[in-house]
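The following pair of complexes shares a single chain, chain A, combined with chain B in the former and chain C in the latter.
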Partner chain A sequence: MKIQRHGAVLGLVAASSLLLGACGSDNNTGAGGSTSSATAASVPVDCGGKAKLNAEGSSAQKNAVDAFIQAYKAKCSNGDLAYNPTGSGAGVKQFNAGQVDFGGSDSALKAPAEVEAAAKRCQSNPAWHLPLVFGPVAIGYKLSGVDGLVLNGEVAAKIFNGGIKKWNDPAIKALNSSANLPDKDIAVVYRSDESGTTDNFQKYLKTASKGAWTQGDGKQFKGGVGEGKEKSAGVAQAASTVDGAVTYVELSFAQDNKLSIAKIDTGSGPVELTNETVGKSIDGAKIKGQGNDLVLDLDSIYGTTTAGAYPLLLATYEIVCSKGYDADTAKAVKAFLTVAATDGQAQLADAGYAPLPKAFQDKLLTAIKAIA
Partner chain B sequence: MTDPVVAKRPAGSGNPGAARGVRAAQHPSEAPIPPTPEAVEKTPHVRPGDRIFRGLATGSGVFIVVLIGAIGLFLLLQAIPSLGLDQVNFLLSHEWNTTDPNNLRFGILDLLQVTVFSSAFALLIAMPISLGIALFLTQYAPRRLARPFAYIVDLLAAVPSIVYGLWGIFVLAPLLVPFQSWLNSALGFIPIFGTGNVKIEFGGTIFTAGIVLAVMILPIITAVSREVFERTPTMHVEGAIALGATKWEVIRTTVLPFGKAGYVSASMLGLGRALGETIALTIILNYTNTAFGWSLFDGGSTFASRIALAAAEFNDPRSAGAYIAAGLVLFVLTFVVNAAARSIVAGHKEYE
Partner chain C sequence: MSTGLADPSRLATPPTFQSVSTGRKIKNGLATVLVWLAFAVAVVPLVWVLYTVVARGFPSIVDADWWQKSLSGLLGRQQGGGAYHAIVGTLLQGLVCGVISVPIGIFVGIYLVEYGGRSKLARTTTFMVDILTGVPSIVAALFIYALWVTTLGFSRSGFAVALALVLLMIPVIIRTTEEMLKIVPDELREASYALGIPKWKTIMKIVIPTALSGILTGIMLALARVMGETAPVLVLVGYAAYINFNLFDGPMASLPLLMNVERNNPTQAGYDRLWGAAITLVLIITLFNLLATVVSRWLAPKTK
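Take a look at the complex of A and B:
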């Protein structure tokens, strides 16, 4: 027994020293794999701590977190994280109850109840919002013979609340003078399930439509026209079957279903949805929170008029404790988030998300470093 | 009257001779003296096996009643607070908006109508087809063929409903779109074929959903009806044949009257399944905010599919309570349907 135990201890020491060695060498050579994104960076990752982290929340960032987990495992071979995509509300609830190490949410904690509960969970320290995952939302449409349709906030709002019913409406024509718009009914498709995408899209319309969108926001679509389908896959598939259909959906689903993607004119020319245009609007985002609490002022994204900045994004936060973790958990949470903000960004574009621009990444890394 | 009966028994069973029998008849209490005390003692003595089995059976019965009662009670308790907060009439409103827990507006009228309408449509399609299959399997098909054929029909019941849903929207719906458009344009003057509140081109209509539901409940109705038809007393059938009845007349005069109650209750069982079907309808039916208009080309959602759509984002007990209230109505609806089925079966007991 004694010998066995000694053996186990020895093995553990050997393994951990090997691991540390592996991490160290990685740090020295720098992250070569992530050069494809604009966010390549060689940030030292301090692996170790709790072996299996738990997180729960927004399903919108599930694929991104999956990519982060892969990167985390590659970087820290003894690290792992389980993410349960039960929805933002559940994520916040579980985080505040101390059931998970961090929560994923597509909206900031509501003051005062949720903020106070989170502070209590973090041993009387404030919880921080780290906007780590940005998903561009596409206005996808299917209209034979019309490519590169241009819309602006006001026209989009009128399409989605029934103010504009035909594709050859003068308001659409005014933005697409060269396009041959057919005299066809617009078939709006929306999310029938409650979804953060719907919430963000309606918030965008509210901010950017110059008053044309009066329906408010929320997770249920309130436009009052069109037909609902379940989940992103459902709306994208439905829109792709009918000529004249239009919907709002995460970029990857629009691409998979071969929907055309509308450009958005924010006042300084039409902006196509690309990693660069999304990165530009993330860079321009104002932070509402104090210090390292990076709560975004979404209006500054939705209402952007910067040339070449795509305004329609879904931002999701990781909600973490600024302090109050035990040492093991803090170490692992920091390691995971650091990997997520650096190496993890490389695969995001493939998963339909926008990689973080450099300046914003630095802000996040500063905050992650400050977690204790 | 009871005396001779009692007297006859030992005589019949013993059968040792007339003399003994007579004696036994004269002294009913004397004759079986050796067995009687034992028998008297044994009658109240219940063997452990009996006792255990009786206990298990009673326990199961009580358990299920308590369980159902508990479900009903749970639904009721969870629903009541939200029902109190409802800003519109719960039973008569078309509105359904639970985003703001401080301003809950939910009514089940549309859900109820869509649920009942789509299930009834499915039943209308499935009942005659099931009847045909069941009669074919029990009356017409050669025995060697009937068995494997029955297994294949039963297999339909084992297909997961999400597969039916995906098949419905990806394969069936596009095929049905031209047919539905034609029905709508040719027979649109009849209300149920009138233009609905969703676009037929998407395929997500009650028409499509009803056909998928019909396929889903087909095996249930078929399996139960088959069992019942198979139990038609041979004497009835042979009697009918002896009177010169043709195959069809045999079925009409013996099999159908005998199996009617079973067939109806099988259909009700299928209807119960259709009412509660969730995933397939969630995938197929197009959601809409426009009120239901009794057209097959309407969209909408049923109780179960509406709950499924919102379940992922429940984060306020007040909003969740609205869906639980809807679930409660479905619970009651299913109960009423089942009770109706039972009473129909009970009313036809004379055939059994």
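Take a look at the complex of A and C:
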């Protein structure tokens, strides 16, 4: 008797879970997913293949990938992709272990260990780096009465390593002759957690500071001054509450927290951070990798002296197999990346990233097409 | 002061009730205050947590979409979507974990109480269960990762999570089963034997039904506990914003995982989803606890 009752309870649970199983939906198109078709080049996308792709890696490109997924779902109704923003290191590890279809990373694979592991994962074919997402990093500051502050690599390095302590320092004055700089302490705010933004910022300082930055690079801030805050949101928020604060943070966070954004003088005049200036510097980037392996020579971006090119960017790669996917996966990966490089770009500016310039987009599309 | 040394003429027959001395009043008051304080210390955080979760999460879960849709194809800052994918994942992983660990746990419990006695095997088992009880969930997760993913070469999946949860759930079930079987009076067993009933039948028909309500409560509580585990889902499965019913392949969301992902989403939408997922998890676990209470009442031995 009692056993039967027990069975009835289990049956009830099973029935209710089945009921729950019957009415779920992945369709969220009504919720403002307006992928405008404002892209210049409408490239035909060969939808199909594996329905649900799986990717993992850099959290810096998470919002961009979200936008790509939205565009991908709009274009290929059956396609979908899961992106786990667990960090570049985890992304590379999971890609090399064959757990995900492609990885996202702030930095290129390290030779020889990671490169070899990736080649093994791709059935003895090389893995390619596709720099699909560029995030401009702003030097954001809050200083009442001062707009359009101009810095260069050297001065920025000195500010962030404590060489310059006051806003009216002669070195800053030299770059901002017309500005009325107050006699105020500079309050540096940095990222206390490990971050690709910090890594890229320090690499920039190393390249562009003419030797003023001696602290090296890495994911931890090494300047030794200021106050540390967690995550981009924390950093931007902290900087926005202190008059005299300065920090480095992804553009969208600087904008959201109403920080002023410094122009950077690369040697040919002050450059404001805009989509155009960032695009110009992406266009000018040299490729270190061979053929379709688009590893960027970051020094060519950070050290740019081209007029109107904004040098401080975070480039993130999608790491894919050149060959070695099964046919279904290859088809879906190609479709997703194609959408990402074309339709997906439309929403990037809103999310704080820089859309790809045309010439660079073509390079990427050639590489994506060559994936087999 | 008023009473302690009363009128000497009435010493012979002191009144039954003397009024309480000030010192004792103060001690009484102090003790009362301390007890209430201790009570408040215990209850205030609980109420506070509940209030916070409900106040922040409630707006999310009253939307019908929350229970019917996934977050597939939504940007981090876009409102909308739901936690269906995560609810499905949590329930499926919990269910599979339960299906595996309940029989094992109950049988081990029966062995320990009814057959093992003081034998070497029983003592070793008890010792191992003790150790397993103390294993942190992250260690269980890493063990399964090493075994299932690295050594056996399977991909990360919801099933791997269920396996890690099994490691956490089995010792709890063994323990409750053991305790419940121990409190079944020996007289019942002896009466059964006296009627010539074999041991296995005695266990099946007498011992288990008597202890069933307690065992079931234990199972439900253990299930509720493992469904809130975070470490295994972080290590053993990827997050997917879409609905995945396949336990053996591909990323699969669950409520703790959803919360972990949305914690890094600084927008209002992320905040809403984070707290919405929190209250959903609390609700599901409450539901299981209620179910446990109801079932155990229902199945409790009827004593007239």
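The rule we apply is simple: the second predicted complex is superposed on the first by the 333 of 372 C-alpha atoms of A that agree within 3 Å, B and C clash if a C-alpha of one lies under 4 Å from a C-alpha of the other, contacts with A are read in each partner's own complex, and residues count from 1 in each chain.
FYI, contacts are C-beta pairs under 8 Å (C-beta built on N, C-alpha and C of every residue); 3 or more make two chains touch, one makes a residue touch a chain.
Note that this is a predicted model, so its numbers are computed, not measured.
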item: Touched partner set for A:G87, first chain B, second chain C, both or neither; value: first
item: First, second, both or neither for A:K323, with chain B first and chain C second; value: neither
item: Partner chain in contact with A:T241 - chain B first, chain C second, else both or neither; value: first
item: Partner chain in contact with A:A187 - chain B first, chain C second, else both or neither; value: first
item: Which of chain B and chain C A:S195 touches, first, second, both or neither; value: first
item: Touching partner for A:K369 - first (chain B), second (chain C), both, neither; value: neither
item: Broader residue contact with chain A after superposition on the shared chain, chain B or chain C; value: C
item: Partner chain(s) touched by A:E227 [first = chain B, second = chain C, both, neither]; value: first
item: Touching partner for A:G218 - first (chain B), second (chain C), both, neither; value: first
item: Which superposed partner A:S59 touches (first chain B, second chain C, both, neither); value: both
item: Intersection of the chain A residues that touch chain B with those that touch chain C; value: 59
item: Contacting residues of chain B [partner chain A, same complex]; value: 97-100, 169-170, 174, 198-199, 201-204, 282-283, 286-289, 299, 301, 309-310, 312-316
item: Chain A contact footprint on chain C (complex, rising order); value: 68-81, 84-85, 87-88, 91, 95, 149, 155-156, 209, 212, 216, 238-245, 250-251, 261, 264, 266, 291, 295, 298-299
item: Touching residues on chain A, where the partner in the complex is chain B; value: 59, 86-90, 92-93, 187, 189-190, 192-195, 218-220, 224-230, 234, 237-238, 241-242, 245
item: Chain A - residues contacting chain C, complex; value: 2-3, 5-6, 9, 13, 17, 20-21, 23-33, 52, 54, 56, 59, 62-63, 66-67, 69-70, 73-74, 80, 82, 84-85, 94, 97-100, 231-233, 253, 347, 351
